[in-house]
Amino acid sequence: MTSFLASIGYEHWILQVLLGLPLLGMPLILVFPRHMARWIALTVALTELVLGLGIWWAFDPSNPALQFVTDVDWIGRFGIGYRVGIDGLSVLMVLLSVIMMPLVVWGSWRGIDQKQRGFYTLLLALKTGMLGVFVSTDLFLFYFFWELLLIPMYFLIGIWGSNNRLYAATKFVIYTFVGSLLMLVAIVWMVWTVGKGTGTYSFAYEHLLEHAALMQPWAGWLFVAFALAFAVKVPLFPFHTWLPDAHTEAPTAGSVDLAVILLKMGTYGFLRFAIPFFPTFALSETVGLVMATLAVTGIVYAALVAMVQPDLKRLVAYSSVSHLGFVMLGIWGSTVESVQGAILVMVSHGLSTGALFFLIGMLYERRHTRNIADFGGLAKAAPLMAAAFTITAFSSIGLPGLNGFIGEFLVLIGAFGRYPVLVGVATTVVVFSAAYMLWATQRVFFNRMTNPLNEAIGDLTRRELAVLVPLILAMFWIGLYPGPLLRRTEGAARRYIEMVQPHLPAAAMQHPATGAGGSH
Amino acid sequence: MLLGPSLALSAVLFAIGVAGVLIRRNAIVLFMCIELMLNAVNLTFIALAQVHGMSGQIMVFFVMTVAAAEAAVGLAIILAIFRHTQTVDLTQLNLLKG
Amino acid sequence: MDVVTLVFGVFALWAVVSALVCVTRRSPISSAMWLVSTMFALAGIYVLLNAEFIAAIQVLVYAGAVMVLFLFVIMLLNVDAEIGPMRRSYGWVVGVGAALVLGAQLLVMRGYSVQRLADEISTMPLGVDPSLVFPEGAAARAATASRGVVGGIAEPLFQAYLIPFEITSVLLLAAAIGAVVLAKKRL
Amino acid sequence: MPVDLSTPVGALVALLPELVLTAWALVVLLVVAWRHRTARDSRFVGLLSIVGYVLALLATTWLAWRGAHADGLSQMIALDGFRFASDALLLWIAGAVAVLSLRWLERQGILAPEYYVLLMLATVGMMLLAGAADLITLFLGLEVMSISVYVLAGYDRTRRASAEAALKYFLIGSFATGFLLYGIALIYGATGQFNLTLIGAQFAATEPSLMAKLGMGLLLIGFGFKVAAVPFHAWAPDVYEGAPTPVTAYMASGVKAAAFLALARVLAEAFPAYVDLWRPIVWGLAIVTILVGNLVALAQTSIKRMLAYSAVAHAGYLFLALWAHSDEGTAAVLVYLLAYSVTTVAAFGILASIERAGARTVLITDLEGLYSVRPFASLGLSVCMLSLLGFPGTFGFIGKWYLISATLAQGEVVLAVVAMIGSGISIGYYLPIVLAMTLKPTRTRQAHQTIRFPRPAKLAVAICVVAILVLGIWPNTVLDFATQEAVQLRRIATPVMTR
Amino acid sequence: MTDLIWLAVALPLLGAILNGAIAVARPTWKSAVSFIGVGTLVAAFAVAVMVALEAARGDGAATTVHLWRWMPVTERLNIDLALVVDRLSVVMLLVITGVGSLIHLFSVGYMRADAGYARYFAYLNLFVAFMLVLVLGASLPVSFIGWEGVGLCSYLLIGFWFDDKANADAGKKAFLANRIGDFGVLIAMFMLWWHVGTLDFGAIAERAPALLPLGGTVVTAITLFLFLGCTGKSAQIPLFVWLPDAMAGPTPVSALIHAATMVTAGVFLVVRMGVLFTMSPVTQLVVTLTGALTAFLAATIALRQYDIKKVLAYSTVSQLGYMFIGVGTGAYTAGIFHLVTHAFFKALLFLGAGSVIHAMHHAQHAAHSELDGQDMRNMGGLRRAMPWTFLLMGLATLAIAGVPPFAGFFSKDEILAAAFARGEVSPVYLASWALGLAAALMTAFYMARLMAMTFMGRFRGGDAMQPHLHDAPWIMTGPLVVLGILSVTGGGLNLPAFAGGSHFLEHWLEPVLRPVTALAMPLAHPHGMTEFLLLGGAIAAAVIGLAAGIRLTLARPVALPADQPPERGLARLLAAKYHIDEIYDFLVVRPLMWFSTRVLWKGIDQFIVDRIAVGGIARVTQGLGWLGSRLQNGQVAFYVAMFAVGAVIILRTLAR
C-alpha cells in the first residue's frame, strides 16, 4: 500500500485534493437540482474518505517532521504561502475529519428537509475550513481557515438550528471572533519580530518556530493573545458558555462537526502554536498551574453541571467541556504520555460525542424534543438504539476497553507527575461522568415508559446503523488496540516534548525509569 | 514690519470668529463669523507675505475667491433649508441626530 | 512708537471692536454691517502691510460684493433678530471659554518678530540678517516698487500660480452650478 | 517621461486627467442645458458622465504607463505613482457612484442632471486634493470638492433632511476650512513655502518652531474634519444620513479617500522630519476615533447611520497606517482605501436599491427576511458587512491585516490592539445585519416587494462583491501595485530629507 | 495449555457476542441461547481445569501470556494486553468458571420464561469474560478492564428489568459506588507508575520493596487508594450501600456477581497487591478494621431484614468483611480460603433463595396473588413443599454459620485466629477479632432466622398458593446439589493440622505469596490452649446463634407484612439499615445536586459568566454606544464646540 501510494505521488496531491474537493462540490450543489444536493455531498464525502484514508498508510510514523508538505507562494511579497503539511499532531484529526464527513452527510439525510442545497454547500465549506486548520503550516493560512469556519457554522446553526438558534449562532460567532482578534496581532507581531531578527519575513510555521527565541521578550503577551483564541475554542473554563448554546441549538450535523472537529482546533492550536512558540512562558510554573487548574476546574465543573441538565444535548455539550479539559490537562502535563493521551482524547471524544449527537439527532427526528423528561423506557421500543446509546455513553465516560479510557488514562497518568493534586481532583470525574451519563441513559432509555408518544418510535433504520456502526466499531478498536494510532502520534509528541523539555520547570515527581521528570 | 502685532491681531480676530460660531444660532450670522475667521487668516498671510514674498498675497487672492464661492453656495443652501423650515435658527434644525 | 504703529493700533482696535460687536449683535443686519466695518479696518491694515492690491480687493470684492450677497439673503429671508439668549448659559461659557483658550494658544505668535522668524528658518547660528534669509520678500518689495502693485502680484499669479488660478475657474463653475441648482425654485 | 511642470505644456500634461474630466464636465453641462427634463435625459447624462471617468482614467493610465515624473521639483501638482494610484482610486469610486445614481435619482424624483456635472467637478477637486504637491493646490482642490459635495448633499430638495445635512456639512466644513487655512498660513510663515517638498526640506533642516508646530496642528485639525476623525466627526453621521444615498456612498468612500490620500502625502512629504511631533496626535485620534465610531455604531437602528459611524471607525483604522509613516503604511492606505471603497460602494448600492422613494431611512429591522426574497442582494450585503468587519476571505481583511502589519512593523502594539478591539466591537453591529437578512423571517408577505434593482446598479454591486471576494483571496496584484506606488511617494521626500 | 488461557476469556466473550446478536435479531431462539451460554462457560471451565492441572504440575512460577500490545506509548509506559497464570489466578479461575457454570445452568431454568432471555445470557457471559480478565490480568490496567467491565455487567444485570425505576436506580447506584472505588484504583495506578515505574503485578512485587520505604507515606497512600477501590467493589464501609440494592437483579445474578465472584474482586486485589499492603502497617490496620466493622454492621442489619435476598445481601457484605479482616491481618491464604468457601455456600444460598422465589412466583402466578414473593413473612413451612431446597440451604446455613466440619468453619476460624494473633501488634486487631466473633454469632442467628421463617412453621402465604409450591426442576436443583457438596467439603481445601489436614491452599499459594512472606513479620499462629479456646469460642458462637435464631423466630407466630407492628428503638434502626442511604442522600447527593444546579449552573454559568461577565461587557459596550449617540444631539453648536475642544487639545499637545 505504502509503495503504491508513493508511486502515484500521493503525498504531493492528497492534501490539495482534500481541501479542494469540497470547494468543487459547492458550485455543483448549487447548479444541480435540489434533490441532488445530498447525493453530491455524499459523493464528495465518500471520495474524500476513499482518497483520504490513504494517509493512514502513506504517513510515516517514524518521521517526526511535517509530511505531505506543499509550499507554494501565495502572497509572496509578505512571506505568505500556501503551506500545508501534517505530522503526528494533526494526522489523526485530518483522518477523523475525513471519516466523519460521509457520516455527517448521512446523518443529515432525513433531518434536513428544507433548504437542502444551502445546507450541503455550507457543510462542504465547513469541511474545507476544518481540514484547512489542521493542515496549515503557514500562520496566515491558519488564521484564514480558522476564521473562515465561523461563516458556515454560523449559518448552519442560525438557519437549521432549533428554537433559540439566533442567540446561539450569534453568541458562537462573537465569542470566537472576539477571542481570536488578538491572535492576528500576535501573528503579525511575531512575523515582524522574527523578520527583523533574521531578515526573512515569513509566515511559515517552521521558520517562526526555528527562531522562536527572538520573540522571547514578548512571549507573555503573545502567548496570552494566542491562548485567548484557543481557550475560547477549546473551550476552557470560564470561556465555555457559548458551547452549550451552540451545541444545543445546532442541527445534528453542526453539533457533530462542532464536537468532533471544531473544539479540537483549540487544543490543537495550543499544541501546535501557542506552546512551542513560547514554551518558557507557557510552561512556566505559574502559567502552567493556572492553565492546569482551569483545565481541571473545567473537567469537574462541567461534569457537575452536566449532571443537572434537563436537555440531552446540553448535557452532552457540558460533557464536551469536561473532556476537553482532559486534553488541556494532558497538554500541560508535558510528558510524552500525557500529550499522546491528549491527542487520543481528542480523537475519542470526537467519536463518542459525535455518536452521541447523532443519536440525539435521531431521537429528535422521532420525537422533536431533546428534553430528557419527555423520554423514558425507550429501550423497549428501540432496543438497538438503546444499545448504541449505552455503548457510546460508556465510551464517553471512559470505560476501559472502549476508546475513552485510553486517552484519559494516559493524560492522567502522564500529568500526575507534574500536577498530582490536580490530577487527583480531575480523576474524581470518573464518578461524576458516570453519574450524568448513566442518569441520562436511565431516564431516556430505561424506567417505565410513561409517555405514549414514545411507544411508536421506531428502532434504528439501516441508514442510521450505517452511521453509528462505524463509530462504535472504532470505539472498540481504539479501546482495545490503540497501538497504530499511538504509533502515528508518538513521533510528533516526542518531538514536541523534546522541544519544550528545556523550558520545563522541575516536576513534582520523577519517574524512576529515567530519573527525569518530563520526557521518556 | 509689524509681524508680531499682525499675527496677534489675526489670532484675536480668529478667536472672536470662533467664539461667534460657538455662540450664535442664526445660520447666516454663523456663516458671517466664519467669514471673519477667514479674514483673520488672510491677515496672517498678508503679514507673512512681507517677509516671504508675493505668494502670500496670491494665496489671499485665492482665499477670497473661495470665500466668494462659498458664500454663493452657502447662501443657496440656507435658502434651500429656509424653504423647508421657514427658519435659519440652527437650534431648530435637528432632524438628524442620534 | 512711530506713526505706522500708531495707525496700525487704531485699525487693530477698530477691527477687534467691530468684530466683537459683530458676533454679539442680535440683529443679523447689524452683525453684517459690523462685519463690513471689520473688513474695512483690515483693508486699512493691509495697506500698512504693503498689500495695497489685496486691500483694494478686500473692499471691492469682500466688503462690497460678498457682504452685499449676505445682506441680500438676510433681507430676502426677512430673518428677525434672535429672540432670547443666543445660547443657554453653559453654551455661552463653553463657547467663550473654548474660544478664549484657542485664542490664547494662537496669541503666542505675537512674539514673532522678523528676526525670530529668520532665526527659526535659517540653519545658521542665531542673529542672522533677516534680509539674507528672506530674499523673496525683498525681491517682492523691489518688484512692487518697479512694476507697481498690480504688476507685482500679476506676474507670479499667471506664471508660477497658473495652475491654482485655473483651478479657481473650476471652483467658481462648481459654485455657480451648485448655487443655481439649490436656489432655483423648481428643478 | 520627465515633465517640466514649470512650463505650460508640462502643466497641461501633468494635469491631463483633471483636464480631461473638467472638459468632459463642460461637455456634459452643455448637454444638460438642452436635455434636463425627463428621466431619460437624466439617465443619458449619467451615462455620458461615466464616459468622462473612463476617459480620465485612460489619461491617468497613459501618464502612469509613460512613467511620467516631474523634471526637477514637482510644482503645484505631484507627478508620481501615488498620484496616479490615487486618481485611479478616486475615478473608480466616482464612476461607481455615478452608476449607482443612474436610476436611483429618477426613482427619487430628482430630475436635475447637473448632479452628474457636480459629481465630476467634485471628482476633479478630489483628484487635485489627493495629487496636490502644493498647499495652495491642496486648498483649492479641497474647496472644489467641498463646494460640490455641499451641494450634492443637499441635492434631494424634496427632503428636509437633505437640506439640513447640506447646511450642517457646509457650516462645519467652512469652520474647519478656517482652521486648515490658518494652518497653511502658519506653515507658510514658518517656511516661506507652499510646496510640500520644499516645506519638508525646510523642516528637515530646522528645529520645529512654534509657528510650525501650531501650523501643523491646525492643518491636522482641518484634515481631521474631512476624514471625520473624532472629535471632529460629529457632522458625519448627520450628513451621511441626510444626504442622498449615492452621495453618502460618495462621501464615505471618495471624500474620505481623497482627504486621507492628501493627508498621507502631506505627512510623508512635508512633515517627515516632525514625525515625533505628529505621531502622538495621530495615535490619539486613531484610538478615540476607533472606539467612539465603533461604540456609537452599536447604538444605531438606521443602517445608513450605522454605516456612517462605521465610516468614522474606519477612518480610525486608517490612522494606523498614517502613524506607521512608512512604505508599508502608505501602501496600506492605498490598499485599505480600495478595500473600503469597494465595500462601501457595494453596501450603499444595495442599500440604495432597498430604499423606497420618499420613505424614511432604512432600519436594520426592515431588512428582516430579505434573503427569502432577494437572496443575492442579501448575500452581497452580507459579504460587504464581513468585509467591513475584516473577516478573512474578504478584501477588507487584507486591508485590515495590512494596516496592522504596517503598524506593528513600527513596533506599535497598542494601536493594533485597539484596532482589534474596535473590530471586536464592530461585530456587534455588522453581524445583526447579516442576521436580520438571512436568519430572521420576513415580517409581512409584502415586505421587500418594492425593492427594485436597476440593472446598472446590479452590475456595479456584483462586480464589487466579486472583487471583495477575489481580492480577499488573491490580493497580490493590488498589493504589489500599492507597494510600488507607495514607494514612489517616499522617494520624493527622501532625497530632500537627506540633503 | 497455559498459552491457551486466552480461550478461557474468549469463550465467554464469544458467547456474549453470539447471544447479543441473537438478542438483537432473534430473541426467541432460547435453546440456542442456552446452548451457547452454558456451553461456552463449561468449555471455559474445562480450559480452566486443564490450566490448573498444568499449574499444579509446575513449580508455581507465574506464566505471562502476551496477547497484543495494548498501550505502547513510550518505553516506560508500554502496557501489553497480557494474562498471567499463577496459582492465585488459577484458584479464582476455577471458582469463577466452576461456580459460573453452575449458575448459568441454574439460570437456564430460572430465566426460561423471561422475554430478555438472550440478553440475559449475553450479559452473564460478558460478565464472566470480564471477571476472568480481572483475575487473569497481568497488570493493573488490564485487570482494570475487567474491574470496570464487571461493574458494567453488574450495572446491566441489576437493571435487567429496567422498566422498573427502582431496578434501574439500583444498577446506577452500584455503578456509581464502584466508580468511587475506581477513582481510588486509578490514583493508585498513577502513584505506582510514578513511584515504582511499572504497573505490572510481577514487576511491582519485585521493585516496590526496593523503591518505596517500608511503611512510608507513599506506599500507605497507594494501598489506601487501592483499598478505596476494594471497598467499592467489595461493598465495604463506606461504599457498601449499593450491594443490598443490587438484589434488584435476577437472583442467579446475585448469586454469581454479588456473592460468589465480583464482590470478592477487592479481596483478590489486596492479595494480588499483597506486597504493597504488607509494606504499610497503617493500611493493614485500616483494612482489618474496615472489614471488622463492616462484618459487624452488616450482620446487625441482616438481623432485622425480611426480604430473603436482602438478608443474604447483608450477609454477603458481612462475610466480605471477614475476608478483609483476613487479608488485612496478612493472612492472605485465609482470605482467599474464605473467598472460595464463601463462593460455594453463598452461591448455594442465593440459588436456594432463587428456587424459593421461583416457587413462590409460580405459585403466585397460579393463584393470582399479589404478595411480595421475596418477603419471608409470606413464606414459612416450605420444607415440606421444597425438601431438596430446604436440605441444601440448611447445609449452606451450617457452613456459613461456622459449624464444623462445614466449609465456613475452617475458613472463618482461620481468619479470626489470624486477627487474634495479630493482636500483639495492635489492640485494634483484637477489637477486630471481637467484632468478628460477635458477627459470627449474629450470622448464625440471622441465618437460622432465615431458615426458620422460610422453611419452618406453617405457610403464611395463603391456601390458594400452597398447592402450587414445589421444588424447582432438576436443571435448577442440580447445580444446588453440586454446590451443597462443595459447601460441605470445601473446608478440605485448607484443612488445618488439628483436623488432620495439610494446609493445601497455603502450600498452593505459597509461590504467589513468597514475596509477601519475605516482607511480613512472621505471624505467630496460636497454638495449644489458645487455639482450642478460640475454636471453642467460634463453635459456641455458631451453635448459640443458630439455636437462638430458631428458638426466637419460632417462639411466636410471624406476623404478615401488613400486620407487622411498628418497630421501636434499635430494631427500627436496624430495619431501616441505620438510615445510611438517607444520610448519604442528605449529606452527599442532595447537596451535590443543589450545588450543581444552583451554584454552578444557574449561579456561575448562567449568572456570573453569562450575565455578569459576558453580558456585562456587552451591556457596558452598548451603554457606552448609547451614551455616545446621546452626545450626537443634532445641534451644530454642540458639534462645533466639540470641534473646538478637540482643536484646543491638539494644539496644546503640540505647542507645549
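Of note:
As written, the chain order gives the labels A, B, C, D and E, with residue 1 at the start of each chain.
As a working rule, contacts are C-beta pairs under 8 Å (C-beta built on N, C-alpha and C of every residue); 3 or more make two chains touch, one makes a residue touch a chain.
Computed from a predicted structure; not experimentally measured.
Graph distance from chain D to chain E, where chains that touch are one step apart, equals 1. Contact analysis places B-C first among chain pairs (by count of C-beta pairs in contact). Ranked by separation of Cα centres from chain E, the top chain is C. Chain centres here are C-alpha means, and the one lying farthest from chain A is C.
Per-chain CA centroids place chain A at a distance of 44 Å from chain D.
Centroid to centroid, with C-alpha atoms defining each point, chain C and chain E lie 103 Å apart. In terms of their C-alpha centroids, the spacing between chain A and chain C amounts to 71 Å. Look at where the CA atoms of chain B average out and do the same for chain D: the two points lie 26 Å apart.
Counting partner chains per residue, chain B has residues 7, 14, 17-18, 21-23, 25, 30-31, 51-53, 55, 58, 62, 66, 69-70, 73, 76-78, 80, 90, 93, 95-98 touching two or more of them. Each of residues 87, 91, 94-95, 98-99, 102, 105-106, 108-109, 111-112, 117, 134, 136, 160-161, 164, 168, 171, 174-175, 178-180, 182 in chain C touches at least two other chains. Working note: touching chain pairs come out as A-D, A-E, B-C, B-D, B-E, C-D, C-E, D-E. The touching residues of chain B, when paired with chain E in their complex, are 18, 21-23, 25, 30, 90-91, 93-98.
Contacts from chain C toward chain D in the complex involve residues 105-106, 108-109, 111-112, 117, 120-123, 134, 136, 160-164, 167-168, 170-171, 173-175, 177-182, 187. Taken together, the chain E residues at the contact with chain B in this complex read 629, 632-637, 640-641, 644.
Here chain C touches chain E in the complex through residues 87, 91, 94-95, 98-99, 101-102, 105-106, 108, going by the rule given at the top. Partner chain D is touched in their complex by these residues of chain A: 74-78, 143-144, 146-148, 150-151, 155, 158-159, 165-166, 169-170, 173-174, 177-178, 181-182, 184-185, 188-189, 191-192, 221.
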